[in-house]
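Sharing a structure here in structure tokens format.
Residue numbering begins at 1 within each chain, and the chains themselves are lettered A, B and C in the order written.
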Amino acid sequence: MSSGAYPAGRPTRLIDNRDLWAGAVLAATGLAALILGRDLTVGTPAEMGEGFVPRAMAIALVAFGVLVGGLGLWRGNAAPEACFDGARWRPVMFVSAAILAFVAALQPLGLITAIAASAVAANFAGEPLSARPLVLLVALLSAGVIAIFVWGLGLPLRVLPAFAG
Amino acid sequence: MEALAASLGANIALGFSVALSPTNVALCLAGCVLGTLIGVLPGIGPSATVAMLMPVTFYLSPVGALIMLAGVFYGSQYGGSTTAILVNLPGESSSIVTTLDGHAMAKEGRAGAALAVAALASLFAGTVTTLAIAAAGPPIAKFALLFQSPDYVAVMVLGLVAAVVLAQGSLPKALAMIVLGVFLGLVGTDVTTGMQRYTFGVNALFDGIGFVPVAMGLFGIAEIMHNLEATQGKGRVMRPMDRLWPSREDFRRAAPAAGRGTAMGLGLGILPGSTTDIPAYAAYSVEKRISSEPWRFGKGAVEGVAAPEAANNASAQAGFIPMLSLGIPPNAIMAMMIGAMMIHGIAPGPQIIDKQPALFWGLVASMWLGNAVLVVLNLPLIWLWVRLLTIPYRVLFPSIIVFCCIGCYSLKNNPADVVIMALFGVIGYGLKKLRFEPAPLVIGFILGPMLEENFRRAMLVSGGELSVFVTRPISAVFLAVSAALLFAVLMPAVRRARSGEVAG
Amino acid sequence: MRIPAPALKLAAICLALSPLVAPGAAQAQAFPSQPIQLVVPWPPGGGSDTAMRMTADAATKRMGVPVVVLNKPGAGGTVGIKEVMSSKPDGYMLAMIATGAIFAQYNNPNANALDEMEPVVFFGDDPSAITINPKLGFKNLKELVDYAKANPGKLKNGNDQPGGSSHVAASVFEKGLGIRLTKVPYAGFAPTVQALLSGEVDMASIALPDVIEQHAAGKLRILGVSAKARHFKAPEVPTFEEQGFPVISGLWRVIAAPKGTPADRLKVLEAKFLETLSDKEFQDRARAAGFLVTPGGGAVAKKRWAEDDAAMYPVFLEAGLVKTRQKK
């Protein structure tokens, strides 16, 4: 509805057409859902199978994909900035890495290690802290987390590595 | 009429005589403090609360246990809104809409005003609802019993229409997000046939994808990724706080919105098994529709905080009616309350008001007490919460990540949920890049499975007759309201398209 | 390091009180010498969770070490059970299993079969019942069965999804009573009760404790309980057998350890849990909360599993729900 969000004018490159990409992603998701769910029973309206609604949603996704992509092509809305910029992947990568590092470390190595691993990984995602504040952050976070979650709420979390505790 | 007023007065007096005993006030306070803590810590769910409180409830009086648990419940609802406003993390499914304008207000340096409005709107809704329950609780429960599957379908449809209304960008894209949300909600074991859908043999998916990992990923984590990316790693740009308290203008706008939100929350909240989210979405949509300046919504409109907050508190409280009178728990904390009552040999059911008047009216009185305690507790805390925003982002965001991870993990003590959260963080970031909005997706995700289940059941019971949706009066009314609302949204877009301007 | 704070406090009290665990005796071969975790594979607050928390609370006094409940819900209980059954079989990790585990082993390749676990103690049953909306007018089971026989598929029964306990009960009733119902699935007992009250379904096959209050208030009518004896909460409701239909169905709960747990430790656990469950005070408390406790050892539990397994397998097979471990 807010056509004002896009500046007027056609893009120079097709690859920068945001809505074309959006439509493609929707359609691809719908197609994948159709293929992966091809074995589900559809049934009849009175006794619908487990595949009835998923298939309807998948078809709707493909339709919306075509609609959104088509509108994008027709209107040619350019993104104000390029859609995909290689240098900008850092935050996504390292924020994800921080979460995965935490969960990988939690059960075998305990809470403190997990927090340290997560904070170190997260540090690459933005403007990095230097070593000393980073250590301080890990120490404060560990203390706070143990006080609140382990002592306060009584969550069954391992604090130290399995072999040490 | 007079007799009714007299019995109401006597009942409320009984209630307060129970609720205001020193022990029960202390328990209410303890519950509210703990609840706020649980609500503010993202994801920390009822598991942690139960682990801590269940042994205590063995040894408390049933009234005391219920009052404490009710405090936990309100506290967690309120705490969920606090994080929605401050860091864009909806703690409860009902606070998804609070992120829209609440977090926008925070970005404008009006976090204090948003928090205060949320607290006061909740208190207002709580007071009205307490009175309504005291006056009409039992008859309302009877009305709730009239609901059947087609009626639930109609209510869910209203919720989905609300999701269309609250979308800010392109209409086809918002509709596509709802469809995607419904689809994702279908993953897991099908309630009707017991078959598995899109689970790929992965145990963590058998019960479907959890709400908390999805909401944390799409809102909290994606927001961090986006903030860092948009500012080359510096993090969020917040306008400095200009004032802590809402302005006169804020109050003028928020008060009627809170009133309307309360009415919707009360009306929709009594449905047995209903959630607090549909009233919140519906209240937000109504505010946006009737506003003379709908463009302010999503950019820090105070009505967009007041209405859903009032609605979710009113419906949370109204939810006690079906819980107590039918023994039907609408959520985990209330399931725990039933557990706490059962341990003492009290089973919630149709006879509870007659058999246990002190317990019933004590709980009703403690609802109001809990709301009042929360406001007293939280208004001074606002000062502290807004300080949180002055923490440098490079220190704040790793902390948010850690808290999200622990909260998500603690839901089921399952690492898979944390991995799902990371995945939805990336998906949310991608959607943002493609100018899709996460709110309609999450609403579709929550309502979709319930819609499907009830729709299929309605079809099964009626033998495939679609006409049940219009011949049942309740469902017909809800569907008519939905249709009118949808029409009101679509018309401007269609008109614009005709007049040559491109509808988007 | 994995113990909740309240449990730690409890442990401290126990340690102080128990002469058995004096300092120095820490390395003694006595079992148990550290907290026992009891995994409940369901969310907190439900019937199974309440039953197990009461059991753990009482067992703590007998074991001399804290028995701590840990909720690990997911995939119809299989996630939590799986974790316990694949843990070190030292007797410190136990799981609650219920009737649903019989179904899970055929439907979920990740679920554990009976031969992968070691039942320790049988807790008791929630017997199933046939409950109707009083508007239907049937006074006893026979009237319902006669009507159902004359109108096959006309009666709408509220139950769980296929594989859930009240769905299994409905199937058992259909076979045992020789009737055909239209089975309408709901997600759990609460919405089923609501649907029965609103008249969306005519009858329900859910467990007796879940409808007892509505029955007492006259909003619903329990026609019969499918157990060997009448239920203490509703002594006026006759059993199926008394009415001439010898059909039995219910939801049982069992505490189990992983396969490979040393026999002497299993013996200690079995003895202590049996003591706990047989205790008069515990039984009174459990009854007040609506649980019928009928303690039995590991052998009792195994026998019950085998009986139900034999009865239910054909039902699952017919419904097309057997996906794995197909019997020849």
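What we mean here is this: contacts are C-beta pairs under 8 Å (C-beta built on N, C-alpha and C of every residue); 3 or more make two chains touch, one makes a residue touch a chain.
These numbers were taken from a predicted model, which means no experiment stands behind them.
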item	value
Central chain of the complex, centres being mean CA coordinates	B
Contact-richer chain pair (by C-beta pairs counted) among A-B and B-C	A-B
Subunit A-subunit C separation of Cα centroids, rounded to whole Å	39
Whole-Å gap separating subunit A and subunit B, where each centre is the average of the chain's CA atoms	23
Rounded Å distance between subunit B and subunit C, as computed from the means of their C-alpha atoms	32
Per-residue overlap in subunit C, given as positions that touch at least 2 other chains	4-6, 70
For subunit B, residues that touch 2 or more chains besides their own	49, 51-52, 190, 192-193, 413, 460
For subunit A, residues that touch 2 or more chains besides their own	152-157
Subunit B to subunit A touching residues, read off their complex	37-38, 41, 44, 48-49, 51-52, 168-173, 175-176, 179-180, 182-183, 186, 190, 192-193, 195, 197-198, 221, 224-226, 228-229, 233-235, 393-395, 397-399, 401-406, 409-410, 413, 415, 418-419, 421-422, 425-426, 429-430, 433-436, 448, 452, 455-456, 459-460, 463-464, 466, 492-493, 501-504
Of all residues in subunit B, those that touch subunit C in their complex	46-47, 49-52, 54-56, 58, 145-149, 189-194, 201, 203-204, 206-207, 272-273, 322, 326-329, 332-333, 335-339, 342-345, 347-351, 412-414, 453, 457, 460-461
Sites on subunit A touched by subunit B in the complex	1-3, 5, 18-19, 21-22, 25-26, 29, 33, 36-37, 40-41, 44-54, 57-58, 60-61, 64-65, 67-68, 71, 75, 83, 88, 90-92, 95-96, 98-100, 102-103, 106-107, 114-115, 118-119, 122-123, 125-129, 133, 137, 141, 145, 148-149, 152-157
Touching residues on subunit C, where the partner in the complex is subunit B	4-6, 10, 43-46, 49-50, 53-54, 57, 69-76, 78-79, 82, 107-110, 156, 161-164, 167, 182, 184-187, 190-191, 193-195, 197-201, 212-214, 216-217, 219, 285, 288-290, 319, 321
